[in-house]
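Order as written gives the chain letters A, B, C, D and E; numbering starts at 1 within each chain.
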């Protein structure tokens, strides 16, 4: 939130307000998100976390009743002026509810590269394998890449969606509770992956798991009722929250 | 089809050598269609390079296309009407009418009906007209059963009805209780199914169902009681229920379209034979010859 | 805390199960009804027509003699007409429904188009025939050709394809769109890769129904001036034509009983063509049919 | 290090200007195609209106919409009151829908909710064949099979009546209702069904309370299409119902519908250019307005009850 | 697994095998589940947890390609012979992916009671409120009960589904990761609820959260590749696992 950091900002959000019809879901959000860091977003259910990250790649616009105010700059570019497809190509997303396509596992992963013009089988094979490995799913599905992704378990579907997002190698990855459906092992693998990706990518992750946030993120934003209560380096926030409500929430005393 | 032995008849052996090309468009009445189909069939066999197509749009629809200049020959089961003549004039289309065959409207009853021996024209009027006073057989003649007559008539938009309306009903309204259908086969079904049924329709439909329905002889203007048959229709004794069928030929086509001319000529040569074959009645030979001469004069 | 007012008793469940069983029976009977009627129809047609169904019947042109009568011109005509109608109506219909469901702004004009299409579905085929006669045959000077017939038929069945496709597109869950949008897919890419595959079964159902109708359609083609007798093989889309139902109709109204049987033989041919056509569509549909 | 996907995508992006063109062109193209339907309607209105106006120079509009007798062929005293044709059309449509809606929906529910995958894949196409049986065949079926059958139940049912063609028209539109409704039902996500099954719902309850509300707009569309076709059907009606315009709803009487009148005249021998000839356009126009009103209503209904996922 | 406990068994499963088409998803599962306890099921993603609990109320039969072998007795009744509707009424279920009906929140909750013949508004109102309170959602949605449940956040949807299951007051509740989409607060509330329910209900819960399993369950089953590796009192299993693989999994060393 320091303007001198401007140079390496990936997102700069000013006075963002958002309504679903008449209900206000985001209130006056102003935060700056630095590049190549992992940002965790925490907060109680319904506080606007998903809504917030969906504003970052303009997915929220697909809800007909949505109205937004304020500005979001992605790498100095006002996202309202950006070409939405380019924005979304550079900003990948994993949804809260796994939503694979009703296609084969292979086609799910190859979807992104294909629509971006990569057609040759060899490259695609490579991308599919690499992405599935990244999402800790390769070993489980390598023999059934042709099967429909709908026939996978919940956690497997979630990992397919992660792999799908990785396949196009975006600059920023938005993850909405990517590990909530996963067992500790897969979770650990995804967390490793995030660690790995952190070198080249900026990652914004919604999580309900405080420990996870602590483990993987550089900064954490605490949302409550559509407001950002606190946004700070994760360590500082966990050890020494500025706001009483943050403290309460982190220590579980809230409510 | 009972008279189809002599396949290679009349015009068949002549002018096959000269190949006729081009196409001729014929459209109009569905009643005339079977005759023209037969003619076109033979014509196409003899002149494989010529294209003769026959459509079925009804007499009125046929004239519409004729007026629009889309057809060379128009078939009709009724004479052309004033409105149509006017429109043709407006379009500057000259044409000639040819009679190509006769149809005897046959009045039939259920085969179980053993009381009707014949009917007079007045009786027919009494039965069929809305104003007529016969509702039961007993109303027609004393001694006949006191049963309501069930009437079956071709649809009021058909040439058959039109003709019947003219000669029997004198333009009056048909009995409202009458069942109407566009398809004469269905009328046959109707009479077959109702013991008190009475219907009229084209001769061919009677000829095909002779053993299941019973024909009613009609008293003609001479006072003779006549049953329809090839002879009585052809020689004019079966009247007034014999009606002619027509084709209308466009002069311009005769002059400019060789296929149309040849087809028209062929039609007039073959019409009698074909009419007999598909269930209508041929006219006397002299009439066809006269027509052919007229046609030649148009060329 | 446990409150017996909610926990149901076995009797109530039994009643519901019985209801369900009864309903299943009723629903099954409903399905069976259609199949029995079809069987009855088929048996009638086959017993009547099979005697006339031979190679000659397929290769001859129509004739005044039942034993010589063949259906060649009508088969070819139907195939010609369908080969115009299928692509034209599918392209028009699917494009229209994509526009309406995916691109159109929700405004009055869109609502008007939608209403208008639904309304076209209710316009009887004779009126389409009148339209075809006025516009294609006369205004655009196509004459009484295969082209005019094919276009008229395309317009006639268009609404059914549109309605079916629209419903199919509308039923695709939003999360499928979300997934694709989030990958940076453009609208057209989403239509190609998400919408069309998912809507294919519905589109094909519409196609099957409407083309079935088209194959059996008589009135509109008669109106535009389709022939009834034709003794040559159409060689281009500008030639005249006749189609199976017209030929069947023409035979069925003949006085001779033999022609009734010939008409039935014609119906068999029509049904066979229909089944071949539908089978293709059904195979594709089955490949795409899946539940989310 | 080899080129990353990210870079390749960026490179492709730079090259793909044609994609931009497609993106812009497609909606325009689709819009044009969609607008075509309006042209078609305009064409129809033009075709109908031109001659309808001619008709109303002969016959007063008032007589047309208030008259209760339709006897255009009586040369001495023709009457052009549209009501008998309207009531004939209604009679056929009502009987057809009484047959087709319950049976069509029953089979749709059966196929979608009860039948196994395999039997669905066999039964549905079989039913769809019903949609393609030529109407000529249906007409004869009505006349020579259904009517005699009905005559064993309804004594002194005349050979021409509205009942049996109504039933047969109903049979003809069953597949339309079944197939399209089943397709709509199939689109209800399985997970939503699962939610209900897990609460102990029977298949019937899932069908009635989850699937049907969830596919309501599709079902309504299929019904409207079915109804449209019932109203527009011609051959079956003119074969088996006779062609007597009768006012009133009496399924046991011969009737005439608007479309069968149009066909009767346009295939018949009526004089081209006469009042009768123009009357088919007036009847066509009436039919057009009539279906328009029906569709506005249906549109309203399905809009009101639609459920969105 | 001791036959003398038979009296209070809610489920007794013998040699259960299950295939999806040709792939075997459950292998020779034989366990007994005592009444009025909380059973946790843990195991890596794709090991068959969801499949297993779906066999308990026969939901798995709705997948066309499924074949099962072996026997499951619910309260001494072979579930194959049970009426599936009664079984499912007595055995409630919360799914892994939230699946509310596309109806109002109120109608979602009232669905179960309604199909079971409860029509009067007052009882329904009561049931809806009680169930929503139970699922820790009442306060958030009490003013918008008429809104479509599809417009809720992920966590809210999950709680609607929990409330929906509670509304018919089943004897057994199967929960497939019910808290994975929830923040710690709502999770704590659901856990409290489970504690509460435990007095009257039997609960089988799939979870990826080892701590949660430890906190709430009496017994834990560890699944791996479709097999039950270990099934024991939770405390014993966590402190002293018999199988090396269990130990590895719990301590996170696995894989």
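Operating definition for what follows: a contact is a pair of C-beta atoms (placed from the backbone, for glycine too) under 8 Å apart; a residue touches a chain by one contact, two chains touch by 3 or more.
Model, not experiment: these values are computed from the prediction.
Shared contact partners of chain B and chain D comprise C. Averaging Cα atoms per chain gives one point for each, and the point farthest from that of chain E is the centre of B. For chain pairs C-E and A-C, the one joined by more C-beta pairs in contact is A-C. In terms of their C-alpha centroids, the spacing between chain A and chain E amounts to 29 Å. One finds 47 Å separating the Cα centroids of chain D and chain E. Each chain gets a centre from the mean of its Cα atoms; for chain C and chain D, those two points are 12 Å apart. Centre-to-centre, using mean CA coordinates, chain B is 82 Å away from chain E. Of all residues in chain B, those that touch two or more other chains are 30, 56-57, 183. Shared contact sites, meaning residues of chain C that touch two or more other chains, fall at 13, 16-17, 20, 174, 186, 222, 252, 292. Shown for chain A are the residues that touch two or more other chains, namely 86, 89, 97, 116, 168. Interfaces, counted as pairs of touching chains, are A-C, A-D, A-E, B-C, B-D, C-D, C-E, D-E. Those residues of chain C that touch chain B in the shared complex are 61-67, 137-138, 143-144, 222, 225-232, 240, 246, 250, 252-258, 260. Across the interface of their complex, chain D is touched by residues 13, 16-17, 19-20, 23-24, 26-31, 33-35, 37-38, 40-41, 44-45, 91-92, 95-96, 98-100, 102-104, 112-131, 134-135, 155, 158-160, 162-164, 166-168, 170-174, 186-188, 191, 201-202, 205-206, 208-209, 211-213, 215-216, 218-219, 222-223, 244-245, 248-249, 252, 263, 267, 270-271, 274-275, 278-279, 282, 286, 289, 291-292 of chain C. Residues 1, 4, 25, 27, 30, 33-34, 36-38, 40-41, 44, 51-57, 65, 68, 70, 183-185, 202, 204-205, 207-209, 274, 277-279 of chain B are the ones that touch chain C when the two sit in their complex.
Within the complex formed with chain D, the residues of chain A that make contact are 86, 89, 113, 116-118, 123, 127, 167-171.
If you check the complex, the residues on chain C that touch chain E are 1-3, 5-8, 10, 12-14, 16-17, 20.
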